[in-house]
């Protein structure tokens, strides 16, 4: 319950800018990991203290500091001081119900978005907040818990693959965002395939379970849309930011990233429309079934009720009921029954009822 | 009745600019409260006369004057004179059916919006108009009645928490608006949680009560939207106003406030769509129920009506009815009945009717 | 019939710019009334000849000339000449099927809009075209017939109330427009109240009459929207016109007027959505009723049809029908009937059918 | 079939710019008519050869050349040469499935639009393509076949009515466009009146024919919209073209024309919504009818099925059936039947079923 | 399954810019074809090695190199080097699930779009990705497999038809795009004709097959829209690119191309609406059918159930049942039956049930 928007009561009435963690604690102890590299050197480290990382900021190397776990507000406050971050930025990092956005604080760019993940069993999309702070020589990433989709990026850094080691901190930020958006598309397409397959079930066997499935998919698509659409806006703002923190060589990559996010959003809209069509189809199929059921009922009723009536007439006990006396009455009676029934059958055939 | 838009007949045909209170009187005597502070001093007072407050305006301290109760038009007129306010502004303060908006009068900024509150018993959203007038050294707030969501802000001022005591009058205005918008989100999320929970009821037991509940939620969401959407517009205008009354340090906070209001509006739209889906689901479930009912009817009718007919045939009193005479006729008769019934049952099973 | 858009055949193929009255003649003789005033003087007059009024135009006083009745094209042509008006303007004045609009002819501003009025008996909105021509020292207003909503404005002029006597001709135009738009809101809210009340009827007693009422309200709301939306556009254009004919002091009033018209349009949209929800609710309620009806039918049929069959079996006249001979057969028979019926009742109870 | 979009296969794969006639030949021999005039002179002629007309182009008079029939691509090519027209323009003239548009070729303005006409019998809107080429001293109009709505314009030229003889070629183009758009409004309003009248039929007698009529109207309205909406765009582009070919005095007329086309488009949208409401009303009425039918069925079934069962019980042939022996059994039996029936009737009355 | 959006898993987590083919291999061996021409010369060749083509790039002739088959990433990488293409461009060429777009890399323009084709048997639209790279003197086109719609263009080049041989490389690109978009319109119109024809089937015989057909058409239209709408955007961007690679004479052609794509998109939207209307019509027709079925059932039930009851009464075996003894009872009985039946028939006639 309340998966779509998390309650934020705790924040209510507090001084804007005061630091409160809003969300569920998903890790016992926050973990700080450092990746510091340039073309030639590479340091990979788990930090005990944020000050270790802060020292690296003023060097010329690319310093990526990743923090897993947000509940330790003291730590976050300390990071804020070390890197000279605006209090609003820290507040947004801590609020996991934050709407995805990008903001340009003069000394850094802040991007908040959602990493999505599918719970395979319940077929539910789960989301985790990711915050990026892009400074002059450093990139901070904040996650709610360990485990992310960034391992391929780390591998590329370690193995010197592609242009990542020869590019700046802005390219690293792009590479991470690209991985997140790629993952969006992956999820959309996986759900989408199941949605495309649903149609066959609807036509063959429109059980209430199928309807529940359509509805479930609709809800997940709405959840995806709610999570991904503001990300596209944020990326667009990023491509337009003209911030000195982003090198001009990186812009084509950002534009490509924006195209990718547009692709994701359009795919979601296409599937939402497809689901609406599915629901229509379902309803129409159910109506058709009702018509079929009623036809069966009507055919039986219309044929046998008159026959029963006729039988009833000759079941009466009138003293003077002439037909009963004739020898072949019973056979004539059957003949009449058959004629009436045949007439009804023919009528329904003409109506194309069967 | 007429909760959505209040009647404003009284105003009709009056000179624009003439002061008339439009709304219900919700307090006996208007009350004026003053909070005057700077970094070091703090005065908290209940004023008998608005002129007391007006004197403080030209000092360098931050002066927040809160007026509860709007029916005393004389008082409002007096305030207008003391603070040199435009007659249109005063008219808007008095019209509690006013659409939320922000207007830049050269000597002050005027913001009109709604404070919302939930009547827990009837699950109805109630609204109260709040008007803010932000001048050079003063902030006027007008409410329809005592009791508001601003106590935490007052507490922060009194206890010197956060940056409020060291910031200017514009930051105070922001802090109040932030509290109001935070409260919007709180209300939306509380309703939202109930909306998310509704789905289970629809699938399990789609009674008319559930439908009434969906409809009720829809109406409340429409009410919220009507109240909150123009507020977002007003805040956007504020962030773009470039008024000298707002210090540049306050703009990031206003932008954050705008993001918050966007969050609220998007959440409302998401829940409105969810309710539309709920209604669809409800209707589909009702259709499915109808099909189930009709299947039961049809199965009974189609099995027993033919059987009754056969029984009727042998209830006739024809004199020469050969089958009646055979010894085992009755048992053959039962066998036929059972075969016919079995055949029907098999047919319906094939049709997957049960 | 054809209330939404009036036929304009008469115009077809005529030279654009040639003057033809399009509409119904609603008054026998056109009437020209003059109100000429400044801070100190006031003349109120009924004119026989438009030239009387034209002389006043070059004086410094505010001259408001109101014409009731449009069918006398000669008069209109004469007015056009006297005040040097563009032929397109005159054509628009005469075409009562005109879409509301504002146009800036260099020497004057032209505004065409609808005055609305409710026919209480048929609950139908009726509209009358109002054209305003705002020149340097004069204001012309054209109405289809006598009787308008401007009496309070006239009263304010006569009694020297508010700022009207000390303001210019542009303020007078604003005051008139304000009265018209105020009246829109009045009508919308009156209809709206009835719409809000409809919900109870739908839930309690969804007769076809209720549906007709919903539909009627929908049509009236569409009619209002069609009439009012272009007025908002026209007012917006007016606030942006930067015409030298409008004094800068008047702009805040025009902006307020625009807010008012936005309020009206939003209220209409809110009520239109509410009506759509009402219709949904109605349909769902009807579906629920159908289910209830079918349940009653099915319960009766499913209980009594099998019982009737059993009775039918023992109504057969087979010679050897052993059960008939036993002494307590009849009572066993009843026991069986009751058991079967009880079983059916229990089944339907389990299905929550009653 | 395929009335909405004509097949254009013939064009497929041809060099863009090669001239092919796409459409049905609607006249045997193309006809070229010339109207050449200025304030004092007027020549009206049927030309054998386009070169006759081309000579007049360089004179100062207004030269309107109208071509009926487009299948003679040689002629069109010749015209193209004589008047120095772009090959794309000629291609657009020949493609009668062309979307209405306006294009500014440096030496001329090209406007393509549809003339509409109602087939009274089938109540179908038919369209014919009209292309206008406005040059410095000439106006070319291309029609698919003779017969147009321009006779009143011709009459005005001949009879020297209005300002047409004293205005330039651009005013002539305006006059023709105005006539076409006026005709749009005429058609929309005629259909609209029938749409407004439909509601009565729906409420009184919702036969399938009424539904077909609603659907037919919907299709025609879609056809109108498809034809007229791009025309409005084209006219808007014209008013903004700032082409030296249009005299500044003509702009107010073009703006008026744009208002007229907006009026047409809004009327279409209003009627489309009205038709959607009609369909809703129809469906709801049909649902109500179904409920009525089911009530009748249920009332009959629920009253007589139990009665029949009771009668069936006393039609059994049990040897020991005590009630049969009493003298007044039969009358008690009737009393029971009547009581049961009365009880049922009362129940249904309480349910407000009749 | 998953026709709408292809899975792109393979790409997930890879360095952006690394080349991976995403799609199905549709040809065994890639094929490179060259068309090199100017006004006087023409070379047509199948290349073994891309370097052959690269040499021609710096000559003044127009060099069109077409590559069929994309799975050989080595070849693509080599082409990238030879023509100095951005790595993102190559990645887009290889990703056949790419959303259509146009991008301006400084040294070339890149356009990615879909060629569509109908599978006649299954009535399914199939798509193949086409990428165009327009450089200073060369045009590269990448297709997934041999066979395209460009033969008429090749023919025009070979036969020196139209302006193609005397125009530059940008005109060639336009000519190819024009052919693709023309083909879109062809496909839309062919589907459209079938959609227009569907209405008759719906009204005459609304079988579930017709519904499946409507749904199928809807899905195809959605597929078309998804494929064509971004192409229109891309073309619009092209017309606005102001790239030095496009000669100013080509812009009118591009604008015409944009009009064409707008035509396609509008036609799709029109047909989508028509399909929505079809579905409505279908549902309404099904409801009407249900009403008809229920009328038949109700008429039979309401007439014969009471008659059967009456017959049942006189089938009872009460000892003292006076009516049974009268001589003409049986005939009176029949008379009563007939009167009751006639009364019912008259009632249903009055209700206009038949």
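Per-chain residue numbering starts at 1, and chain names A, B, C, D and E are given in the order in which the chains are listed.
The criterion applied here is as follows: contacts are C-beta pairs under 8 Å (C-beta built on N, C-alpha and C of every residue); 3 or more make two chains touch, one makes a residue touch a chain.
Just so you know, these numbers come straight off a predicted model, no measurement behind them.
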Query = By label order, what chains touch chain C and chain D together?
reply = none
Note = Superposing the Cα trace of chain C on that of its twin chain E calls for a rotation in degrees, to the nearest 5, of 145
Remark   = Cα centre of chain D to Cα centre of chain E, whole Å, reads 26
Inquiry  = Could you work out how far the Cα centre of chain B sits from that of chain E, in whole Å?
reply    = 41
Message = Show the residues in chain D shared as contacts by 2 or more other chains, in ascending order.
response = 283, 287, 290, 294, 297, 301, 305, 308, 312, 315-317, 321
Task = Under the touch definition given earlier, write down the residues of chain E that touch chain D in their complex.
result = 149, 151-153, 156, 161-164, 174-175, 178-179, 182-183, 185-186, 188-190, 192-193, 196-197, 199, 203, 252-253, 255-256, 259, 262-263, 266-267, 270-271, 273-274, 277, 280-281, 283-285, 287-288, 290-291, 294-295, 297-298, 301-302, 305-306, 308-309, 312-313, 315-322, 352-353
Request  = Name, in rising order, each residue of chain D that touches chain E in their complex.
outcome  = 1-9, 11-18, 86, 88, 92, 99, 101, 103, 105, 205, 208, 211-212, 215, 218-219, 222, 226, 230, 279, 282-283, 286-287, 289-290, 293-294, 296-297, 300-301, 304-305, 307-308, 311-312, 314-317, 321, 323-330, 333, 337
